[in-house]
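In structure tokens below, several structures.
Two complexes, one shared chain (chain A), two partners (chain B, chain C).
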Partner chain A sequence: MVRLSNDDLRRRAWALFILDNSMRMGLIPLSKIRFHRITYFCNCLSGLFQVLPLDTTVVKYVRGPYYPEMQWHLDRLVGAGLATIKDLRYPMDPHGTWMDANYQITKSGALAAEALRKVDDFYSINKFISDIIYSYSAQEEKFLDSLAIFDSTYGNAQKEEGIVIDFSEAIENLSVREADSFEKFAQNPNTLSPQDRTFLYMGYLQQITSDAVRKVG
Partner chain B sequence: MDLTSAMSCVSNDDVKAAIFSREILRNPGRSLSPSMQLLHDAGKLCLAWLEAATAPMSGAYAFVLSEHPALDDAIDDSKFPNLRNLQKASVHDIIDTRIFVCSANLKVSFSPEFGSRNTSQIISWLGANGIGDRPTLVFQPTEGMILWYPDGVATGTAINYVTDLQKEDVFDLEKYADHFHEHWTKWPTGFGGKIWHDHKERIVIKRAEDCVRDDLFVYLSLVVYRTGNIVRENLMTNGRSDLWIYSRYSGDTAGSAVVELKVLRSKSFSIDKKARTYSDKVIEEYVKKGIRQASEYKASGKAEKAFCWCFDARAANNNLPVHPNAISAGVSLKLFWMESNFKGR
Partner chain C sequence: MRDREICFPVIRRVIVKNYAIFPGSNPDFVLDFHKSEEKPRQENGLSHDFINGVTVIAGINGLGKTTLLNIILRLLIGPLDRSKEDPNDIGSGVHELRTWRTPRFFSSRVPDGAVDAEASAEIWFGRDRIEVTRALANLQIRSLRVNDQNITPDESQYKSAIERLSGLPDFVDFHFIVRNLIFCLEDRRNIIWTASGQFDLARILFAGKVAAGFRKQLDDANKKDGEYRRQLHSYNRLVSDLERERKRAAVRPGTEAAIAALKVALGETERRTMHISERIDAISNEIRACRDDILTSRLHLETKVREHERLEAEYVALAFPSADTTIKYVLSHLISSHKCAVCGSADSPILEDIKSRVEAGHCPVCDSPPSSQENIVSGEKVSAERVNRAAKELDAARRALEIAEHDYHQLISEEKELSSEKKKLQERRREQLHELHVRGADLPQADEQIRQLEASLELASIKKDQLEDARSAAFQKAQATLNVIREKIELSHSKVRDYFEIFVREFVAEKCLLSMETRREIIGQSGSGGSLQFPGFQVTMTSGVFEMPQIRRGPETVSESQKEFIDLAYRMALIATVSEGTGGAMIVLETPEASLDTFFINSAGQLLRKFADRTYIDGENDGMGNVLIASSNLNAANMIRALLGVDDETTEVSDRVINLLELAAPNAMLKAHPKEYFAELKKAVGLLDGNA
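== the complex of A and B ==
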């Protein structure tokens, strides 16, 4: 039996929790694109929740954030019977052909997630992932796949495509800074919990996405 | 104009201010357990429908929790042909739909073809279709009534949220605490019965305080709906208060109240049987710590009132000499004894 390293175990738990919470929040089925979008937000906004991210770098890619290692773990979940993959498709766009598919958790996957949640460390990871997905899923369906593209860190106009975006330093993480900037509207900034900040920030991303789309016409 | 430059045309502060005022006042229900989230979100939606309805809304609506809609055996495509996202559904979107089996956040909702508007027929239908044991919210618009069945309509035990309590004084909190305790925490069969791991042995679960806090949060936020605001785990300069109740969310703190919650236990929960035990002396110190915290939060947040509510799951109901401390600290202390059997109910 292959033993997973701690890092692999963490990644696999994140993949499982993202899948499980997405299903619970009605994001059914979860497309590959959306899985990576959510993974990006979990990494990027983890600082709000005092949780260590899995990755503090991501390549600015034409089709949005993509995490090869997380994809591997997601596919391992399918191999282990904890998730299913269906609707495999090869869409074409001006940048070429690519692959997308829909993922769904299985009953064994949900049971595995339930068992993992009972472990203290994983409980808090699941909690923060669930909070982020709750805020993400509260936005309008038609904008969900665009939110990460307009994210302050990922969508930073000063970063060109193909470049590695590194938000390991707090000052470089514009998303957390934007989320924190809502403090100025509350007379008592302490009232804003990490969940509040995430929720407000997602609402903000939806607003700027829809405004920008409207302007482009 | 491309998307990136279009994006930079937006005035960020104006957008943020609008989002802040729109969302934060109306969405304090994040990060709750699924059933509490359903109660909160569906309750909020029902009240918005009531407000927006141009004609009287008659009959009843039922919202039934599906914790894992993707794996829900009860949701059969042939039986539930109507799929919707209810998050921002208007009253016009739901005409003639009476039953919603939905995710806790209302993102997906499945409805059967069901014609009746009658509450008892809706309840019978839920029971007959195997979902009578799930957390369910029944909304009766003409009566302005939200009935909450935390253990499903089959149990017949419901609490009426809106009409009983809505227009009461927000800061008459002690009365609400008594009401909450009577229905949630006093009896193992109460709505908050899940905080017991083993009620006969008087062992509560590890995160009992979180459970009580979340239940109380939803309870109070529906009670004080639109007349105040409640924050959980409010970050203070000297710690985090369990609940903070604002007279106005973004306004001054005059009229605010802080609530510190404690669950008292003689024995901790442990899977491997190596449970810790706590003497009454240790528990007494724990209560005094709660009183101190409430008092300090009151001072640092300039709150008007401070409460320390202790839910007592100790092995024996021995007297705890803590009231003088509470009086001298200006904290209103209440100890709520949690019964471990059903006798006397």
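== the complex of A and C ==
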């Protein structure tokens, strides 16, 4: 029997928690696009929560953030009966063929997530993913797929398509810097929790997304 | 924002007198553009007024095209070259100028040594004007006027006028801009493909006053690095002298010998540790580049998997019409990605079987051929050809990823081995130091020579540490300035990128983009601790096999013609960005006609005219003019036509040609075939149709 590496185990747990928390926050079913958008935010904003990210790099891609390895773990959840896949389709455009589908956690998946949460390390990971998805899902539905595109790190105009964005150094993680900058609006210093910063940051992203949409008309 | 507006030099008039290569008008080769108007003939030498747009210097080999371009260049930069310059790495030189490397360039070309020859130019910077006349024999300034005022004709006055009117940080930077950005001569200096050259240009153009200080800081850091290295060399020599002496002492029995031997071993451990640290630094850069390749290759593979999977999904849907989405997805994904989502295996024993059944249109359950099937999949419905093509592309993408991953793992394992060796060495060093310390207590008096060497070594060590500190301080200072420069370059990035896209799409059919990046460059030669983070631009481009833009790290990653055109588009983008609203600009180039096919000759000509007319600004001329001077051989008549826009009826070409057949001293080829060459020239400028 093949044993999963620690990295694979963490990835699968993240995938399961993302599906589980999305369901709890009403993002149901969860489209493939949103799964990867949320994964991106979890990686990028993990620094706010002092959680180790899965990936500190992402390719700037015409279709937005995408993690092939996470997709495999999502597929494995489906194969293991912990999630279902629906509305499978293969749209084609000038950039090539793509796969779109909707995912949903199953009852066994929810039970597995519940069991996993009881393990110490996974408890805090689930908590942080839940906080991120809470802030994400609180934004207007019509902007949800675009927030990551306007994210300070991913949307950095100085990074063109095809470039690998590396936010392993704190100075390069513009999203965390932006989220931290809300501190200046707090009445007392150091009173904003990571959850508060994430919430304010997502609100800010919604604002600039909505401005950009309005500009395009 | 830039501190001062930068104005590029634009040559509006050039006159060459008493130079035997350009004796004056030869009536046999005068181009008769306007039969009714007699154009005054040039009795002595060459004189040309450059109007906005493209001007072509047309001639044949050996008539003086390159000489004329060099006269124009030297009128601008005088008899000076950048110190320690490497044309293949233009940013590598020192920030100072030295005497011209080929002082007899003009005099050696004529029998009279060009004693009376002189050249003049009218050089415009926005609304300001410099008129300069230089002796061609030694390039000495004979007369100098700035905005119609006579100025003492010497090089220092010229330099200070240039610095004032161009708005560039200093004359060395002006020289750099002219030589490497404005002039694109036959040595084909790359700017976008050399990290240091690219940075130097961006620094000069976008960083304002900060830029002037930085090169000096960098030179200072290099100088201090040199001093440190020299001291390190002396120090190392003393170390080996001392080791030699200790080895001699080591053959004697007793504590002293043991300590000497220990010290030798310690020196060896430290040297090895330093060597390994340097290799680890180099490997981490390679690992980063390799990691980027893997990430982009994975995405590329993903698109190919999905393409193949879509076709397989059609087959699966036909084979199992009532199966639910999970089954269909798991099956088609297994065939395409080779991974089983049910059990997680990436090595299914029946995969090849299923694949061949799909390809042959056989039943996926019982393997019956289409002829025995009642009602299922046939090759008509799911084209085997399409599947095979997609499978081929998928295999290629998979192989590319495997290669990248293989390289990555090799590097990682090398780094791991080195790190573990380094750790062991550090541990050994600690033990050796401890043992030395313990044994040192029993040390009898060392012999005199060793003591003297130890004393010298101690002094050398102190000096070495001081110089290392000074070097670090110089590097830190340079890095702090670099950070400011980076911020300033970032402000201009989006404009450079947008202009680059406008220009490059005319030259290169693939999608080609510019991104900002940070490059860690080793400074000086010591290699350890001397690196700075430079901002720069990175090219990404699609290709026949990559639909997603891939990072192109060097000129070897694109074709020969793409290399030059991307570089030219980058030059134009820099010039267009800086010259927005500050007046005209100029590019002088020896046309790269050899690497162009007919289609590209026309679009290259169109783009060069577009640049010269400034119609790249929303398709409208903004009222200011650029000058583009291009030399071209008559054997590339199409290039001359394309550059002049002869086939565009609205273009007036009569003032846009410097006809070297007429103005230059005829060589043997021209004397042998005067009619043929003249006809060729007339054809090129539109005075004779193609069949004449």
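Definition applied: the second predicted complex is superposed on the first by the 212 of 217 C-alpha atoms of A that agree within 3 Å, B and C clash if a C-alpha of one lies under 4 Å from a C-alpha of the other, contacts with A are read in each partner's own complex, and residues count from 1 in each chain.
As a convention for this text, a contact is a pair of C-beta atoms (placed from the backbone, for glycine too) under 8 Å apart; a residue touches a chain by one contact, two chains touch by 3 or more.
Source: prediction; values computed, not measured.
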**Q.** Room on chain A for both chain B and chain C (clash or fit)
**A.** fit
Q) When the two structures are overlaid on chain A, which partner does A:71 contact: first (chain B), second (chain C), both, or neither? A) second
Q.
For A:107 in the superposed arrangement: first (chain B), second (chain C), both or neither?
A. first
Q.
Which partner chains sit in contact with A:85 here, chain B, chain C, both or neither? Use first/second/both/neither.
A. second
Q) Taking the superposition as given, does A:157 touch the first partner, chain B, the second, chain C, both, or neither? A) both
Q: Report for A:177: first if it touches chain B alone, second if chain C alone, otherwise both or neither.
A: neither
Q. Looking at chain A, which partner touches more of its residues: chain C or chain B?
A. B
Q. If you stack the two complexes on chain A, which partner ends up touching A:211: first (chain B), second (chain C), both, or neither?
A. first
Q: Check the superposed model and tell me the shortest C-alpha distance between chain B and chain C, rounded to whole Å.
A: 9
Q: Would you please give the residues of chain A that touch chain B in one complex and also touch chain C in the other complex?
A: 157
Q. Touching chain A in the complex: which residues of chain C?
A. 288, 291-292, 295-296, 298-299, 301-303, 306-307, 309-310, 313, 325-326, 328-330, 333, 337, 339-345, 490, 493-494, 497, 513-517, 538, 540, 547-551
Q. Once bound in the complex, which stretches of chain B touch chain A?
A. 1-10, 12, 15-24, 27, 30-31, 34, 67-71, 85, 87-88, 102-108, 231-237, 244, 246, 249-253, 301
Q. Where on chain A is chain C touching in the complex?
A. 2, 57-59, 61-62, 66, 68-69, 71-72, 75-76, 78-80, 84-88, 90, 92, 95-99, 101, 157-164, 166
Q. Across the complex, what residues on chain A touch chain B?
A. 23-29, 104-107, 110, 127, 130-131, 134-135, 137-138, 140-141, 149-150, 155, 157, 181-182, 185-188, 190-193, 195-196, 199-200, 203-204, 207-208, 211-213, 215-216
